[in-house]
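Across the two complexes that follow, chain A remains constant while its partner is chain B and subsequently chain C.
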Partner chain A sequence: MSQSLSEECTPLKKEYDSCFNSWFEGYLEPAVEAGRAGQRTREANAQKKAEEFEAKCGKIWRQYKSCVTKALKDKGLDTLLEQARQENPLVDPIPPPTSSNSNN
Partner chain B sequence: MHFFSQSFQYEHPWSHVIIGMWHKYPNSKCTHVVSVDTLDRSIDPVTGIIRTERVLGCKQKAPTWIVKLFGGSEDAFVREISFVDPATQNVTITSVNLSLSQFATCYEQIRYSPVSPNRTAFTQTAEVQARLALWRSAADRLEQWLVQRFEQNAQLGKSGFSDVLRNLWEERHQASP
Partner chain C sequence: MRFFSQSYTYDDSWAIVTLAFFLRYPNPYAAHVISCDVISREQTPSGSLVTTRLILKKGSMPRWFPRGIVSRAESWVIEESEVDPFGKIVRCVTKNLDHVKVMQVEESVQFAQIAEGKTLQHTEARVVSKFGWGLTKKIENHGLSRFKMNMQRSREGVSLILNLLRQSRLQPM
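Our next item is the complex of A and B:
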């Protein structure tokens, strides 16, 4: 597993990544199935899994996040990051290519 | 502006590729990626789309002329935003450089989508663009500054030489009446 940009945050990062990865592996395939089943099932599944993620990984996430936020500031990356977020918020997925229909 | 693109198919099911995506680094062929940090992550309760914002730290020696001209160092950071959409089985990733971003931007887009139960298509495009507007305004300001400095020096030269001439001829005039 890769390091954090700050040595101090690496243990928290690894614990968070492991937590996310194990949650994600349980999330992905059922979510693909739920997506096929229609909107109601999809929403119910997403809601349930989001709550489960918070319950499992919420605490370690907040610890890791506060560590990495401070590390970004110490390295002077916080302003660059803020500029990048303003210039390009990237709040939506890239739309599918126009030439082909990707819903199959 | 310069472009790069490639596409490829991995012989793995889409879900395996997407689970594997979070394990991509470290790997022995990409030793330039030294750190990966998640800064933000959200799960859309309606669509089930997971949005993740990460910062990747890279170490790569830059040619000396680049380091001299732009400052810069061995450490470069990239901001990456990914969207995992299980319902449409699409992953899209956008990456933009944070380091040296005042001079140029490298904008990369990646997509992973299923081709068949055991194949996943990967497409990658990148645009590299120097910030021409910035170069132009910097060049403009440099020219302006040079012209101003030239004007000042020209004024000083004119009045300085006037003094020299006056002093020289006044002295001679007084010396030999």
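Our next item is the complex of A and C:
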């Protein structure tokens, strides 16, 4: 796992990363039924994963985040980020590839 | 503006390719990555995961580039991604935050599940320079050819991580 932008946050980042990664692996493969059933199952599943994350990684995430937020301010990077955020690249996503694209 | 797009198919499932993509730093093909931080990350009510990462990359200026304009050859890069595990799709947009007048490279990558459990990666890049002095075109062309080279390396990095993931999954716990 790579370094944090601030040396002081690196231990927190590593702990957070490894917690997140093991949660993420399960998150990427939701229960099979969820794919076929309707929106309700999807939302219930999402809710469950969010609770799981909170229980396992919530605390270390908040510690790491507050460390990085402070480091960004100290380095004056917060304004640079603010500007980039306003342009919001994900609002206008790239269209899906034209080739056959089966999700089900 | 210079535009480039390319598609590539992985034989692996969407979940494992996506995992490898998010785990790709550090790897020996990405020695230019100095730091990588998650700035914000949240799950939407419908279950997608939206993440912003801030990455510091080492760069180098071409030999023909005028001295003294870019004081340090490092660049902050912002990466915004959205992962939808139900629709099995990842969208990710990356761009540099500094030196943008000299050159801005915006890269969009998408990973989608396709037939037979394979994964399609679609990449688009836009290279824009506002430098002027008769160098705009040269800078954009340089940026584009470097992007193509880096793309090859970045794919090798993802493949390396993919191999490690496959091996670790084959081992009994």
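In the analysis below, the second predicted complex is superposed on the first by the 84 of 104 C-alpha atoms of A that agree within 3 Å, B and C clash if a C-alpha of one lies under 4 Å from a C-alpha of the other, contacts with A are read in each partner's own complex, and residues count from 1 in each chain.
One rule holds in what follows: contacts are C-beta pairs under 8 Å (C-beta built on N, C-alpha and C of every residue); 3 or more make two chains touch, one makes a residue touch a chain.
Please read these numbers as outputs of a predicted model, since none were measured by experiment.
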{"item": "First, second, both or neither for A:Ala55, with chain B first and chain C second", "value": "neither"}
{"item": "First (chain B), second (chain C), both or neither touched by A:Asn21", "value": "both"}
{"item": "Chain B/chain C common contact set on chain A", "value": "1-5, 9, 13, 16, 20-21, 24-25, 27-29, 34-35, 42-43, 45-46, 49-50, 53, 61, 64-65, 68, 72, 77, 80-81, 83-84, 90, 93-94, 96-97, 102-103"}
{"item": "Chain A-touching residues of chain B, taken from the complex the two chains share", "value": "15, 18-19, 22-23, 25-26, 33-39, 41, 43-51, 53, 55, 57, 77, 79, 81, 83-90, 92, 94, 96, 98-99, 101, 109, 111, 113-114"}
{"item": "Residue ranges of chain A in contact with chain B within the complex", "value": "1-5, 9, 13, 16-17, 20-21, 24-25, 27-29, 31-32, 34-36, 42-43, 45-47, 49-50, 53, 61, 64-65, 68-69, 71-72, 77, 80-81, 83-84, 88, 90-94, 96-97, 102-104"}
{"item": "Touching residues on chain A, where the partner in the complex is chain C", "value": "1-5, 9, 13, 16, 20-21, 24-25, 27-30, 34-35, 39, 42-43, 45-46, 49-50, 53, 61, 64-65, 68, 72, 77, 80-81, 83-85, 89-90, 93-94, 96-97, 99-103"}
{"item": "Complex contacts: residues of chain C adjacent to chain A", "value": "7, 14-15, 18-19, 22-23, 25-26, 33-41, 43-47, 49-50, 52, 54, 56, 76, 78, 80, 82-83, 85-89, 91, 93, 95, 97-98, 106, 108, 110, 112-115, 120, 122, 124"}
